[in-house]
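Notes follow the structure.
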Amino acid sequence: MSAKRRKKQQTTKIQPKRAKNLSPGTVSYTGKKTITNTQLDIIDYSKEHYNRFETHAIEDAFKYEDSTHITWINVNGLSNADDIITLGNHFELHPLIQEDIVTTNQRPKIDEYEEYLFIVFKMLHYDDNELLTNEHVSMVMGKDYVLTFQEAEGDVFGDLRERLEHGKGRIRGVGADYLMFAILDAVVDNYFTVIDFLSNKLELLEDKLFGDKEDPNITEDIQELKKEILKIRKAVVPLREVINRLEKIETPLIEERTNKYIRDLYDHIIQVNESVEIYRDMIWGLMDMYMTTISNKMNEVMKVLTIMASIFIPLTFLAGIYGMNFKNMPELDFKYGYYYLLGSMVLVFFAMIWYFKRKKWL
Amino acid sequence: MSAKRRKKQQTTKIQPKRAKNLSPGTVSYTGKKTITNTQLDIIDYSKEHYNRFETHAIEDAFKYEDSTHITWINVNGLSNADDIITLGNHFELHPLIQEDIVTTNQRPKIDEYEEYLFIVFKMLHYDDNELLTNEHVSMVMGKDYVLTFQEAEGDVFGDLRERLEHGKGRIRGVGADYLMFAILDAVVDNYFTVIDFLSNKLELLEDKLFGDKEDPNITEDIQELKKEILKIRKAVVPLREVINRLEKIETPLIEERTNKYIRDLYDHIIQVNESVEIYRDMIWGLMDMYMTTISNKMNEVMKVLTIMASIFIPLTFLAGIYGMNFKNMPELDFKYGYYYLLGSMVLVFFAMIWYFKRKKWL
Amino acid sequence: MSAKRRKKQQTTKIQPKRAKNLSPGTVSYTGKKTITNTQLDIIDYSKEHYNRFETHAIEDAFKYEDSTHITWINVNGLSNADDIITLGNHFELHPLIQEDIVTTNQRPKIDEYEEYLFIVFKMLHYDDNELLTNEHVSMVMGKDYVLTFQEAEGDVFGDLRERLEHGKGRIRGVGADYLMFAILDAVVDNYFTVIDFLSNKLELLEDKLFGDKEDPNITEDIQELKKEILKIRKAVVPLREVINRLEKIETPLIEERTNKYIRDLYDHIIQVNESVEIYRDMIWGLMDMYMTTISNKMNEVMKVLTIMASIFIPLTFLAGIYGMNFKNMPELDFKYGYYYLLGSMVLVFFAMIWYFKRKKWL
Amino acid sequence: MSAKRRKKQQTTKIQPKRAKNLSPGTVSYTGKKTITNTQLDIIDYSKEHYNRFETHAIEDAFKYEDSTHITWINVNGLSNADDIITLGNHFELHPLIQEDIVTTNQRPKIDEYEEYLFIVFKMLHYDDNELLTNEHVSMVMGKDYVLTFQEAEGDVFGDLRERLEHGKGRIRGVGADYLMFAILDAVVDNYFTVIDFLSNKLELLEDKLFGDKEDPNITEDIQELKKEILKIRKAVVPLREVINRLEKIETPLIEERTNKYIRDLYDHIIQVNESVEIYRDMIWGLMDMYMTTISNKMNEVMKVLTIMASIFIPLTFLAGIYGMNFKNMPELDFKYGYYYLLGSMVLVFFAMIWYFKRKKWL
Amino acid sequence: MSAKRRKKQQTTKIQPKRAKNLSPGTVSYTGKKTITNTQLDIIDYSKEHYNRFETHAIEDAFKYEDSTHITWINVNGLSNADDIITLGNHFELHPLIQEDIVTTNQRPKIDEYEEYLFIVFKMLHYDDNELLTNEHVSMVMGKDYVLTFQEAEGDVFGDLRERLEHGKGRIRGVGADYLMFAILDAVVDNYFTVIDFLSNKLELLEDKLFGDKEDPNITEDIQELKKEILKIRKAVVPLREVINRLEKIETPLIEERTNKYIRDLYDHIIQVNESVEIYRDMIWGLMDMYMTTISNKMNEVMKVLTIMASIFIPLTFLAGIYGMNFKNMPELDFKYGYYYLLGSMVLVFFAMIWYFKRKKWL
């Protein structure tokens, strides 16, 4: 199918707003963030040249497309479907791609087209309330341009932009494929940060668990952590497959020298993945550990009860005996009867103590 | 084997009613719903043309078959085997297909024939009692027709029909293969709805678990949820394989441009599948969580008992001592003996309180 | 190796009785059932012709072998090795096959030979004591004959024989390969029956678990069920592989039109297998559920104890105070001292009740 | 690399004693058994001929090598490295093979060389103390000889030798490859015996678990069983791979007719493997079962306590009331006060009994 | 890409210090150990020749590169990035390799380049505090040289150096590929040592668990062990893949005769891996075992409590009865009332003892 024909199809098909059960290929934002103004952040660079500006007018983006420079258009805000459609049609993006860009629960994937690659991935970060949020990001990589679509402005690409501006690293001298790699590399680097944060939370929880103070919320905390690790997995596992496939794709869009970097990136995502699996194991194990600490505490409680009751119940019984009002109870008239009884009570007391010591309960 | 020969075989072989151990290829409805009248819902459309009517007479369906339009015949009610056989013979469906159409516990699968594709899948929905029910649906996709067979009229295809009627999306301009895709897409979309419902039930159960009020039915609720997730899995996992194979089938029945859509559909079913696996993990984990909450509660109960008993049993013992009737008990004659004793009892009381405070039980 | 040579080898090698560590290829019955008389049930049929008779004389079977009809020889009783050897040598069965026929713990498998296929499978049924028993069955399918070997007469093939006799279904008009398929189909159908029975037992156990009455045997029942599901798995899993391989075998013995039926059979065995896995999961989960019900019950027991003890121990202490015999206890002489005390006891009582109500223990 | 060159290398390289971190290819016994005299058991046979003798002189073995007979040299005792080296050099075994022969913790494997196959496997048996011990065995199979190396004389090959001597089975008439198969077959047969023994231990443990008598060592017994099953797995799993590869090797050393037997052997080892997995599951499940029996017992203990305490604590409180010494306690002066109280105590008693009966605790 | 060009790129790109989000290919040490002086340990050898010296000047290493001898340069200390860059540039190492050398959390991997192989692996050892530490090691193997980069001087290569010096084994006569193998072999051997140590810790923990003395830290110890086994897995699992790939690589750098040794190495790493999995299973099982021992102990505690309470609470009640002050209590006036009561108390006492004996609680 030629790009021309595809373009035509989409212009006839796309609807302004998409509800459930709409036709596949309909572009309708499904996320929560509502930035009414789509904001474009355009960087245009070559080895010698660097230019960056921001705009809200989609059309401003187009004048850079045909230049000999590499153009990186970062779109913030997906709620205005018209803007996405305008941009998408200009770059001749397939309707399904346009749909995926605004479908925020689309899982990470890679689609190969003749003239561009389309990659969906997730950006993860802990927000101010220490809640893990994930952001839907799409990327289109063409011959001399890269488009990225975010729900809201993130801070993950900051360093990358700086490197672009100051010409650090090899980034300025090479093509759009290297830029694509650098963006993915920034994302994977970010995963490491997220996992470090999670690992801290896990260690805090472990300390809480082994600590003296009881915290009835630990079960909920563990459950929370489980959900977070599942969220991370949901972002990482498919991205691993994406990068794996990226390594194997045969396309003129990716130069041979970039492959080494993608292979490196694949190593990193595997490392992320392994860490996720390990932390998953650890979190799942936490529940067992918590169970044993609960049982241990109950054991201690029971011991205190048992020791107190076992010592004093028999003694109370003895006292009860001599509290009876029988007429004929000779012991009551013994001169030292009371002292004899006190003495035997002390004996019983120490016998019990010795018994519990021997059982190592004391 | 030519379609002619196949047709012959089936007309001699098919029996009116099929019990267990009947010959394979026998058409006998195995479900519970008994709609005596098979109901046909026929949509005939092309880019310019749309026509829909309902009928109970099988033969009415045949006049549309040879037209240049796409014909979608939806059959509601599988209990009348004769109707299915009549229809099946007309479209030259293999006896095994006719059997699978009415065998409601047939698992999802795809069979390739020279002149049509046969797909079995399950429709899931929660009924009015919040019970998950699954409905057996079969689909035959030929060159210019699609047949679907349902046990009872469902509401999943409503939006699709509307899109067909109003010519929304690309659906009217393309072939039967796209209609097949659109039907499967509606089914997978429906799975998302079902999973959302399950996820709500899961969260309610979690709240119940962490809530104060004890609910002795939680174990049964968890078991119920386990069964539901297994039911969903049973529908989703084989459908994933079906769509995967659909993607790879090389058949003139599916146009090349539809492949992109099927790939997209595969992405969706994988997403459903991952969600199912995640919820499965969560539900299985619930049991552990419930166990810890039970243990936590028992711990609390035990502590109350231990504190009460540990404080009052020794005190009662002390009171017991001075309730004894020994003649010679000098303390009893002390002027302030009673007050001294009360004082030491208060001391013991606070010593115990301090002890339990230090142990963080209070 | 030609069939001739093979025949020679076996006639020199076979021993009358085989103990452990005998040479491989030795035919020695390893099962428990001892039917001294091997019983043959021979059905000879073609499209127009049907003939069935039973015999104890092996040689009677041979006169039908060369006819143009399909011959199905069902052998009941494997304890008489000589009979098996006679029959096996006549049909030129490889010594290893003869060994496998009488080795009742041989796992399901398929062996391809040039002139026949050899399939081992297991028949499962619950006996009168509701114990799951498995029966070793072997089948040899040659160009125009099928041999089946059972330990004891089963009832699984009854329907099949009837269909053969009355010419129902397609079975009479087609070759030995279809008969082989029909036999396997009857076996897989039987697995569904067995699983249904197991599912009933599982549900009964679940009801018992959630029921009021305590049943100390539940653990043993669960263990029993575990063993049964493992037994079923041991029969089903390898048979699935057998049928899978049967689907892929390239042999002139299986006609192309039978392949469709075998594929269908494969669908069924996969369905059986999935059910087994699901029930396995359910049974393994039962233990956890049982554990929580035990803990729940213990929780309830503990609460009763705690409430009774927490209410009455302090009250008893109060009574103990005023049971002391101190000379100087002014309260004892108060006119309404007793009533004041009774009043405060009632207060304490209701305070405790209120406390436990607030804790939702009452 | 030619056999000549290999031989040269090894004669220069081999060291008398090998400690950790020695050069790879160094022959140094790592086991525990110290039979100072290497003992050779040589069987030389052909269809008509059988000769067996034992010796301690390695050189005695060499005269048989070039004969037209099949020679099986079984070496007992691996502690004398020089003997192994002498023998190994004579048969031109690669230094790595010589190392593997004496490295008793080498896992089962198969190595293909041009002129021989080298197989390492484990022999398992329960010793007199019912401890599972594994013995390292290596086998070299050349054109007309088989070498086996054992740490100590085992009894597994006894039947095989007898069959060789008396010409039972097909063993005498065929080549060294069949002997290799027969040896492996004896080993796999032996695994069945070991698993039977384990299965008996498992059943005994289960009986213990469900029995009345408490046995505090059950946890240790289960742990022991776990270790044994892991030990068996460690022997069986890699041997399965070895036999699988043996089936697929293309080498002139194995005749085509032996393949059928190896396939059979593979069936057997798979069966062993499945049994191991099933028993593993059972043993792992034992822990859960034990846990529930403990909890059940605790439940019973708690019930006795609760019933006793709930009945007698209130009664004791009642008695305590009327043990008080208040001046003004009118009930004390009632004529039948005592009997009224006794009556109400009996009432309370039966009320409690009724309560516990209703709760099904009695 | 030619080596020349690569060299150029790296000299322009490398930064002195690398923080997070630096450009990929930037060489910046990420570990903790700060040895300011990079230390080189150079061994230069051939069959007849052996020379070793240490230096801190990177340039000293270069004069040996072009000799006909094999040169092994071991670099201790990675904190001085300039040194690594100087060395790396001299040997024309790709910037990504230089980055990996100093990135201490890089997971084990193998990268093939035209002129060298690059392998990353981990060295494990227990430090003086019995903490498991892992050290990042990289190795570059070229035609006639091997470079190894360690964070700090380890002792794992000591034996290897000795063998090199004294010409033991085949090591001196063969190429750099064999040296590479010998280094990896030393590392895998070291893993066995580490696992042995872990296995000892595991057994100690098991003894603790089954021992009488309670140790509240057992949960933490198990958790610690879990983390260690995960650490080992993280080193072993990817190295297994590395060696597997090493076995399959087709490169002129590895001579054919070395392949046999690599295959052997692969056997060893699989053995390590299996042990790791087994110990992992064992450690995970420990938690369950610990849980049962806790429950068992609680059971015992509960029994003591129940027995004491059940015996003495009824007796105390009896004593309470006759401690009441009713006017009309005829028993009190019986001559032997007291003795009758004592007698019945003894009866009750022994009845309880008998009851608990029958229940096997005593």
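Going by the order they are written in, the chains are A, B, C, D and E; count residues from 1 in each one.
One rule holds in what follows: contacts are C-beta pairs under 8 Å (C-beta built on N, C-alpha and C of every residue); 3 or more make two chains touch, one makes a residue touch a chain.
Composition by chain, UniProt nomenclature: A, B, C, D, E = Magnesium transport protein CorA.
Just so it is clear, the model here is predicted, and its values are computed rather than measured.
Novice: Applying the touch definition from the top, give me the chains sitting in contact with each of chain A and chain C.
Specialist: Output, common partners of chain A and chain C: B.
Novice: Give me the C-alpha superposition rotation for chain A onto chain B, in degrees, nearest 5.
Specialist: Rotation angle, to the nearest 5: 70 degrees.
Novice: Starting from the mean Cα coordinates of chain D and chain E, work out the distance between those two points in Å.
Specialist: Their C-alpha centroids are separated by 27 Å.
Novice: Roughly how far is chain B from chain D, going centre to centre by Cα mean, in whole Å?
Specialist: Here chain B and chain D have centroids separated by 43 Å.
Novice: Which residue numbers or ranges of chain E touch two or more of the other chains?
Specialist: 288, 291, 295, 298, 302, 305, 309, 313, 316, 320, 323-325, 329
Novice: Chains as vertices, touching pairs as edges: which of line, ring, star, complete or other describes this one?
Specialist: It is a ring, because the chains touch in a row that closes back on itself.
Novice: Using the touch definition from the top, list the residues of chain A that touch chain B in their complex.
Specialist: So the residues of chain A touching chain B come out as 1, 9, 13, 15, 20-26, 94, 96, 100, 105-107, 109, 111, 212-214, 216, 219-220, 222-223, 226-227, 230, 234, 284, 287-288, 290-291, 294-295, 297-298, 301-302, 304-305, 308-309, 312-313, 315-316, 319-320, 322-325, 329, 331-338, 341.
Novice: Inside the complex, what are the residues of chain D that reach chain C?
Specialist: Counting only chain D, the residues touching chain C are 159-160, 163, 168-171, 181-182, 185-186, 189, 193, 206, 210, 256-257, 260-261, 263-264, 267, 270-271, 274, 278, 281-282, 285, 288-289, 291-293, 295-296, 298-299, 302-303, 305-306, 309-310, 313-314, 316-317, 320-321, 323-329, 360-361.
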